[in-house]
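Chain IDs A, B, C and D follow the sequence of writing; residue 1 opens each chain.
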Amino acid sequence: MASTTVGRGRPATGPARRRGMLGWFDPRGRRLGGLAFILNRLTGLGLVVYLYLHLMILSLLVQGPNAWDDFVDIALSPPFLALDVFLLTGMLIHGLNGIRVGLVGLGLVASRQKALFIAAMVIAAFVALVGALRIFGGE
Amino acid sequence: MTETVTDARTTRVVVSRRKEGDDHGALRYDTFDVAVGPRTTILDALVAIRRELDPTLTFRHSCFHASCGTCGMRVDGREGLACVTPVPAGDEVTVEPLGNLPVVSDLVVDMDAFYDDFDDAGRPLVRASETIPGAARAEGVDELERYEDCIECGICLSACPVAGSDPRYVGPAALAAAWRVVEEPRGLDPGPVVRLMDDEQAAWRCHLAWECSEACPSGVDPAAAIMRLRRSAVGARAHRLFSFGGNR
Amino acid sequence: MTTDQRPADRPDAGPRNAPVFVFQVISGAALLVLLGLHMVAQHFIVPTGLRFYEDVIAWLRNPVMIAVEVAFLVFVTYHALAGVRAILFDFGFSERTERRITNILWVVGIVTVVYGVALFAAILNAAA
Amino acid sequence: MTTTLPRQPFHVAIVGGGGTGGALAHDLVLRGFRVTLVERGELTSGTTGRHHGLLHSGARYAVKDRESAVECIEEREILRRVCPGTFEENDGLFVAITDEDVAYEPLFFESCLASGIPARRVSREEALRLEPHLNPDLKMAVQVPDATMDAMRMPLRFFASAKAGGAIIRPWTLVTELLIHDRLVSGIRVRDLTNGVEEEIRADLVVNATGPWAEQLAVMAGCDVPIRPSPGVLLAVRGRWCNMVVNRLHPSGDGDIVVPQRGLSVVGTSSWVVEDPDDLGVPEDHVERMYAEGAKMIPAIRTAERRAAWSAARPLIGSRDAESGRELSRTFKCFDHRETDGVEGFVTISGGKGTTLRAMAETTADVICRKVAVEAPCQTREVVTLPHTAYYAS
């Protein structure tokens, strides 16, 4: 086997070793199950943030009809409705993938994770689409 | 390897280098231009580099046919056995050691931590369950045997995002080995193994990324083994719960 | 740990740490039902998708709805914080720090539920 | 003659981390020696690990190489005892496909029995019941106690035991020179490839256990070892096409064996000779021959997916005129270079095969004991080795 040059001290260009606190978040080299895991965590974190946001917003109800109804008017504006679609999609992904995680994760269907993930995502996409049409069509 | 083929090409092999003597093991990448043929594997390329370009390059290898499990490494960021991973098409390929294990030197990782957990499972090397349907046993052969599929390469551990974050996780290989003991106890009581792996740092630590099973070069499917181990663990817990401490 | 053909016989201390995962699945399953109810009751059957004040108060006077919403709050808080815990535990902190995280999350969870229940009471109070 | 080792035990430096070096380290540690073993790469990365994984019954050598055949059947029994749970003990079948094979059978069968190898004639029908994937045109078969080994994990048991007994095992350590003064070898100079540090390892005796590289190392001491590196091509295909080891019932030739290994079937092997065991190559026509010959025994191999093809260099002892390596004996030999070259403190062990690694170690350790006038009997026939995982796990 012939060779021509040997380069030395080339700066690091390859992907770094994955050990680390946010190692789970690195999507490089991931396959379907790995992406499902990342997606599940990201949607989960998003929903946690939304949960506390939701609880804070509900406190407007204490301040009486005007405060709440003003908020509802804002919330029914198209940019907010778009956020609702985003939220609904996140919930669907997390919830439907959650069914997969529950079934597979307790060893009930230990070997069908890929098919279940695809099925969950197809359903999620379909319901999100119907939901989006309803949310925007409901005006 | 001296491939006498006409469509030879040259590929730039970028190799992760780390020596204890270099700045406390500072990482650097060296590049080597290597002639490759259609059948040249990453291991062939590394052997050629060591022989012709840099005799100090260190990497693990032994059997050259995906049976010993020593040459697990990461090729362009993905785990594989160098001996059966062809040099990919393209001008450049990056070769790095397995992740989630300490690097000894260059592409060599320290397997001690891997075996510490793995050994706890107590899995025998040879299994009794046979794979060729309908085959009879010859006179004098007590039971047909075959080696366990797992070749202890550490690829699953490297691919695992949880082990990537937390070294306390016992990892897919040890859990798959434990499941083999449950699946085929060969006269032993698998109870202690199930209890050992029914732990937040064992079977329950997995987050179902399934990367281990996807990466396994030997068809072991550790992820499914972990899930089945969980079912056994839940079953054992339920059994203990409903026997009202009778096991104590 | 080096003898042939022997399963692990480390001192058998029994399983450590109740599997949070199982509770996560149980709470997750409950959420599928309760979130479904929540979404239908508060958003889907409402023509605008979001109730105006009077409508909200009218619904909250229904004790069944209160029960559903409180149950939803309990499960969603558990599920959310257990999820956060799983992510935090991947940071590889010391066991002591991890125990502290678990304790803090329990406090956060209880505060969240108390806050939520108090909120319902305050809303009904303000409306009354 | 002394009966115990002196308080400061003799220090033996072994060069070569193959099966022979590992078994020798184990043997010497049991006899009370201090042992340091160095290997330039990973353990078993030279010839040992590339082995097809046959634990020989000896039947393959029974007709033409009785000495090797007897060695094999004896070692097979010892290894089963000291390495329990490490072999697939499914036996082997020698299958006769052609009339020529059938004509060869009586000589083969009688030679097996004469070598102490249990052999049993198996009818065509029974052979097909045992191995449904065999060529249905086979005429008959002979069952012998072949078994399958893991070419890395079996030798690793010896390394694990040696290490537990105090031997220092140093992979990634390259020998750069032999320390030699006035025809006396007093150690080795090595470079630790993991950190680049060079150092001298002083030893009372240096053992050259480098297999096909034996000549290259011996030259450093001005010694001569008649070793011919004789590579062979092996082919691993996907699918486990047999449970037993399947051999062709005829004089040994290319592609005459199929060894099952996990989910693979390994077809071996060809044979030629080279000068440099680092420069083997994998001739594609040899791979083709493995396919063609393997398929004569198990037709499914013809279309099975290729998993890997590789070459391994056997260390054969013999004349430099050897052309294919087939004519050379598969036995081993220990050279005390004081006797062969007038160089003291230097011993070479080479030749042999995976199955005889322990016997090679015993012979070498006996030579060493004689040289240093220590009486310490060999214990490796009885002492059960540690499992391979013990090499790593703490």
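Heads up, the rule we're going with is that a residue touches a chain if its C-beta (ideal position, glycine included) is under 8 Å from a C-beta of that chain, and two chains touch if they have at least 3 such contacts.
Worth saying up front: this structure is predicted, and the values here are computed from it rather than measured.
On a Cα centroid basis, the chain most remote from chain A in this structure is D. The pair of chains sharing the greatest count of C-beta contacts is B-D.
Put simply, the chain closest to the centre of the protein, by Cα centroids, is B. For this pair, chain A with chain D, the centres built from the Cα atoms lie 56 Å apart. Rounded to a whole number, the gap between the C-alpha centres of chain A and chain B is 30 angstrom.
One simple way to say how far apart two chains are is to compare their mean CA positions; for chain C and chain D this gives 62 Å.
Centre-to-centre separation of chain B and chain C, using mean CA positions: 37 Å.
The set of chain A residues touching two or more other chains comprises 21, 23-24, 101, 105-106.
The set of chain C residues that touch two or more partner chains comprises 1-2, 4-5, 21-22, 90-92.
Within chain D, residues 85, 387, 389-390, 393 each touch two or more of the remaining chains.
Put simply, chain A touches chain B in their complex at residues 1-15, 17-24, 26, 28-34, 36-38, 101, 104-108, 110-111, 113-114. On chain D, the positions that touch chain B within their shared complex are 41-45, 48-50, 53, 85-91, 93, 118, 120, 122, 126, 129-133, 143, 145, 148, 150-153, 172, 174, 191, 193-197, 234, 236, 240-244, 260-264, 266, 278-284, 307-310, 312, 387-390, 392-394.
Residue ranges of chain C in contact with chain B, taken from their complex: 1-2, 4-10, 12, 14-17, 19-22, 86, 89-92.
Contacts from chain B toward chain A in the complex involve residues 1-3, 10, 14, 16, 27-36, 48-49, 52-54, 76-78, 94, 96-97, 99-100, 159, 161-162, 164-165, 167, 206-211, 213-214, 221, 223-224, 227-232, 234.
For chain A in complex with chain C, the residues that touch the partner chain are 21, 23-24, 41, 44-45, 47-48, 51-52, 55, 58-59, 61-65, 68-69, 72, 75-76, 81, 84, 91, 95, 98-99, 101-102, 105-106, 134-135, 138.
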